[in-house]
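One chain, chain A, links the two complexes that follow: it is found with chain B in the first and with chain C in the second.
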Partner chain A sequence: MSALVFTALYLVGDPVSMLASPEATDAERELIRQSLGLDLPLWRQYLIFLNKALVHLDFGNSFLTGEPAMRLILDRMPATLELATAAMALAVLIGVPLGIYAGLKPESLGARSVMTSSVLGFSLPNFWVGLMLIMVFAVFLHWLPAGGRGPVETFGPIQLSIFSWEGWRSLILPVTTIATAKCALIIRVTRAATRECLPLDYIKFARARGLSEARVLGVHLLKNILIPIVTIAGLEYGQVFAFAVVTESVFSWPGIGKLLIDSIITLDRPVVVAYLMLTVVFLSLLNLVVDIIYTILDPRVQAKAGA
Partner chain B sequence: MSTTVIGLASPAMPAPRESMLRLFAAQFASSKLALLGLVFLVLFLMLAIFAPWIAPQNPFELATLNIMDSKLPPGSVSSNGAMTYWLGTDGQARDVFSAILYGLRISLIVGFVTVSAAFTIGATVGLISAYFGGRIDALLMRIVDIQLSFPAILVALVLLAVLGKGVDKVIYALVAVQWAYFARAARGAAIVERNKEYVQAARCMSLSWQRILWRHIFPNCIPPLMVIATIDLAHAIALEATLSFLGVGVPVTEPSLGMLISNGYEFMMSGAYWIAFYPGIALALVVVAINMVGDHLRDILNPRNEI
Partner chain C sequence: MQPRAPSSSTPCLLDVQGLRTWFHTRAGVVKAVDGVSLQVKQGEILGLVGESGSGKTITGFSLMNLVDKPGRIRADRLFFDGRDLQTLSAKDYRALRGNQMAMIFQDPMMTLNPTLRVDTQMIETVQAHESVSRSAARARSIDMLVKVGIPAPAERMSVYPHHLSGGMRQRIAIAIALLNSPKLIIADEPTTALDVTIQGQILYEVQKLCRETGTALIWITHDLALVSGLADRLAVMYAGRIVETAPTADIVRGAQHAYTHGLMASIPTFDTRGHSLFQIPGSTPSPLNMPEGCPFRTRCYRATPQCAQAPVFEEVAPAHGVSCWHRGIEEL
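For the complex of A and B:
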């Protein structure tokens, strides 16, 4: 995986041509090349990279700013985490109730319009939704800022913007943009799971016992449809976190997605490689977390694993 | 269930072809939304094909543009009184309506060419994989898995960074992203078909494997592939728009809808909303119309898939 990314980026282009000023002489260019270690053959570069990355967790310095690539990314990570977490929370909070409703009364007018608008939700391109939101709420109504991040408060190395009203105001539009697409997906998964569970005996039994509808749905049904929802929400959370490239570009949100696209365009290899490695690690961890949640939600999973 | 046309694929049903088509048409017409989507799709296709005759102005004919007319709001009359800019003009005095018609052309061409190429490559790989099984299958499917584990937007971004700008390059990048979906679907369908009696009968007649694969198995794999093709068409158009918006897609000389939106973005803050807004509406209508058709096709062709 790391070799694949490394070789692919090697082919992308010559970073020296981006870094050196157009008037630089050949000798100056060669100097830059040597100082960055780009004069060595590819396999030597890769071995040096592997050694540093595995032993010291050092992915090299950014060609552009000279700072360690990992530091650059970690600095920007809280902004993206904040965005992704708020967006997924919103998507789940809206998506699950709507999905259950659509599953309960699939033929009703309300359910149909929910399903139709969910097609809208996942088919509209992300940047389009963002632009329209900016146009209505920032340009016409002047209610919310069009981009950027509000004032941040520092907690040790982490900076968060959710503790001020201004911070929330800047969060609303990008969060809504991401949540629109994810919400549509969660509605569909919830609806399918609900329709599958509803005809089962235990729901009929719960109803026969005269339990309130709220309890039947909120406890008995919800517990059993949670597994597909957790799976989708977990995977999508990873996607939002790792590839918020588009939304962050539209709203100039200073997160890692914006950093990635800037680095791809300026051919800042160490940052791109470090970013992709970090993402792979993060996604694997997330998968592990989802698996652990399974065993809590569904005791049968654990029983099978022990047998 | 009465909504199953899967029987259409079974050779055991000797119904005449025409009546099956009619059955399919009747089922398709059962959803008004899908019909509406189809009507819009055909309308947009017509607009794109006949753009040079419909458009009041050729937006690439720089000589005909009058710089005095730039950034006029919708409904303005041109300074020489010859035409009315129903949707306004952009920063270079191009009529937005004409630009949309030409942009629609590029977007639809990218979409259709991408899907046809991805369909051909994907179906070939999938069918060969299913038919021969064993090592070939394992190898091909491993490639598909690797491909699908990277998010589409990221693969396309990196590829375009290597290839550079251009309509053809966008198409290469999108095909590289999308062929794997077709390969997986084709393999899934073909594995079911492979062991059916009619294939065994064809083998007994010692027909060549190419003939069995393409004349016997392939036609029965078309329904699921058609669903994927429709959805991927919308996906390709949206993805191209996103890439162009991020500045790595089509060149300025061949603006697609995404490019038009990107150009208009800078004027939006100053209140000239129409330059980005109307191309945005056109893009949304195209993508949603295709998805409405795709969503309904999926309901008809594989009723088991509820998500």
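For the complex of A and C:
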């Protein structure tokens, strides 16, 4: 995959033309080219990259700033993690109860309106939802900031903005934008799982034992429908983390999505490649975590693995 | 349809008259249960017999008030242990279920929640009805597992249902039903999904436990041969109605309804060896398209034009009621 990205960015354009000033002479351009190692044939550039990346975990320096590419990304990662985590948490906290409700009373007016609005939720384009939120809450009402990140607190290498009211105020709009789409999806998954689970004997047996409705739904039903919900939530979390490009651009959120789009525009190859490598690792780890949660939720998974 | 009056001096634990459970669907009203009358005395074992689709299971669920929408339960009289079930609030009904009135389901592979351990499911059942400590609830659960014949009960408590065989799971379901010493257990074909040797054991255990504790039992089944060895009294159900009810011995010796004859005749015996078994022709009519009058008349060899009128439920002998215009004992 790294080879693919390498070649693709090589074909797209020449980074030197982006870096050098328009008045630069050919000699100056050649100098830049040599200092970045871009004068070598592509296959040699790639081998050098592979050697450094695999042996020293060094993904090269940004063409633009000269800083190590991986550090640039890691510096910005907490902002995206913060955004993605808050958005998914909101989506799950709202989506699961609404989905259960819609599954319990599929004919009711409330459930129908939940389902209709969920169609809107994932049909509306993300950037449009973001722009509308900015229009209403930032431009007209002046309640919330239109973009950027609030003040951050530093914990070692990590900077988080969730410890201040100002930080949260800046989070609300981008989080709502992402959560709208994800929440809609989670509602639908939860509703389907609930409807599938409700007529099963063990739910009826739980009622026949005289358990309270809260226990039947909150324990017996929930524990069984959590498996599809965790699957979807895990996948979507990865999506939000890796491809929050649109939302981060609309809200000028200083996360890795914004960094990626900026780096692609400036043809800053080391950053793009490092970003993709990091994303691959993150998504694999995320899948591992989801699998581990499965075994906690469903004891039958453990049994199969042990057999 | 006139149900017989409670005939003996023992008080009636369950008194159901004219129970109707109708499902209002788009295709029409499905009268799954249409005028069932039943009496169960304390400690009595009643066998509720009928083919698939005759409404036996829905009758059981109706008594537990566990019928899903769009089903609606109505009855002329629905008394349990001196209380009118039709006036109970949802909360009171919940307190009754699993406590005074318990149920065992057909498929043991599906009745226990696969994601919760056996002990969780047993302890919560005790604690739903009584404020006792976890350890007391656990001790009672282990006692009950011993009673239903589970070896090494303490170890079984901490496993998940998928670790156990079907027979073992059904024993646990029975133990759960017995946990709060109910007055009535409704057992919906609890042995149908098990193999024959386990069937016999479970049958024996349940009968013994009910006799010991004085628990009344409604055993729902399609297997007349099986239940006649167990029940004090039988009620034969057809198309949502009770067509004949009598003490077991009276049914076995002198069944009056043509449908009961058919059921009896289709039991394999030594005499019928080598011959093809009797079959009741046809199948249960669609609940959306019931024949007028006697629902069995389209399959009945005794049917006459009179059967287009609903037959009257009458006592032919003490405690023996039948609903048929042409009732009578058949020499098979």
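Here is the rule we use: the second predicted complex is superposed on the first by the 307 of 307 C-alpha atoms of A that agree within 3 Å, B and C clash if a C-alpha of one lies under 4 Å from a C-alpha of the other, contacts with A are read in each partner's own complex, and residues count from 1 in each chain.
Just so we're on the same page, a contact is a pair of C-beta atoms (placed from the backbone, for glycine too) under 8 Å apart; a residue touches a chain by one contact, two chains touch by 3 or more.
The model shown is predicted, which means the values in this text are computed figures rather than measured ones.
For the composite obtained by overlaying on chain A, chain B and chain C can both be accommodated side by side without a clash. Of the two partner chains placed by superposition, only chain B is touched by A:Leu120; chain C is not.
For chain A, the partner that touches more of its residues is B, with chain B and chain C as the two candidates. In the superposition on chain A, A:Leu288 contacts neither chain B nor chain C.
In the superposed three-chain arrangement, the CA centre of chain A forms the vertex of an angle with the CA centres of chain B and chain C, and that angle is 80 degrees when rounded to a multiple of 10.
After overlaying the two complexes on the shared chain, residue contacts for A:Arg195 are found with chain B alone; chain C is out of touch.
Of the two partner chains placed by the overlay, only chain C lies in contact with A:Ala208; chain B stays clear of it.
By the touch criterion defined above, A:Leu93 reaches neither chain B nor chain C. Between chain B and chain C, the smallest C-alpha to C-alpha distance in the superposed model amounts to 10 Å. In the superposition on the C-alpha atoms of chain A, no part of chain A is touched by chain B in one complex and by chain C in the other. Note for the complex: chain A touches chain C at residues 199-202, 204-213, 215, 219-220, 223-224, 297-300, 303.
Remark: chain B residues 33, 151, 153-154, 157-158, 161-162, 234, 238-239, 241-242, 245-248, 258, 261, 265, 268-269, 271, 273, 276-277, 280, 283-284, 287-288, 290-292, 295, 306-307 touch chain A in the complex. Of all residues in chain A, those touching chain B in their complex are 8-9, 11-13, 116, 119-120, 122-128, 131-132, 134-135, 139-140, 146, 188-189, 191-192, 195-196, 239, 242-243, 245-246, 249, 261, 264-265, 267.
Against chain A, the residues of chain C that register as touching in their complex are 61, 64, 66, 68, 94-99, 102-103, 105-107, 110-117, 124-125, 128-129, 160, 162-163, 173, 176.
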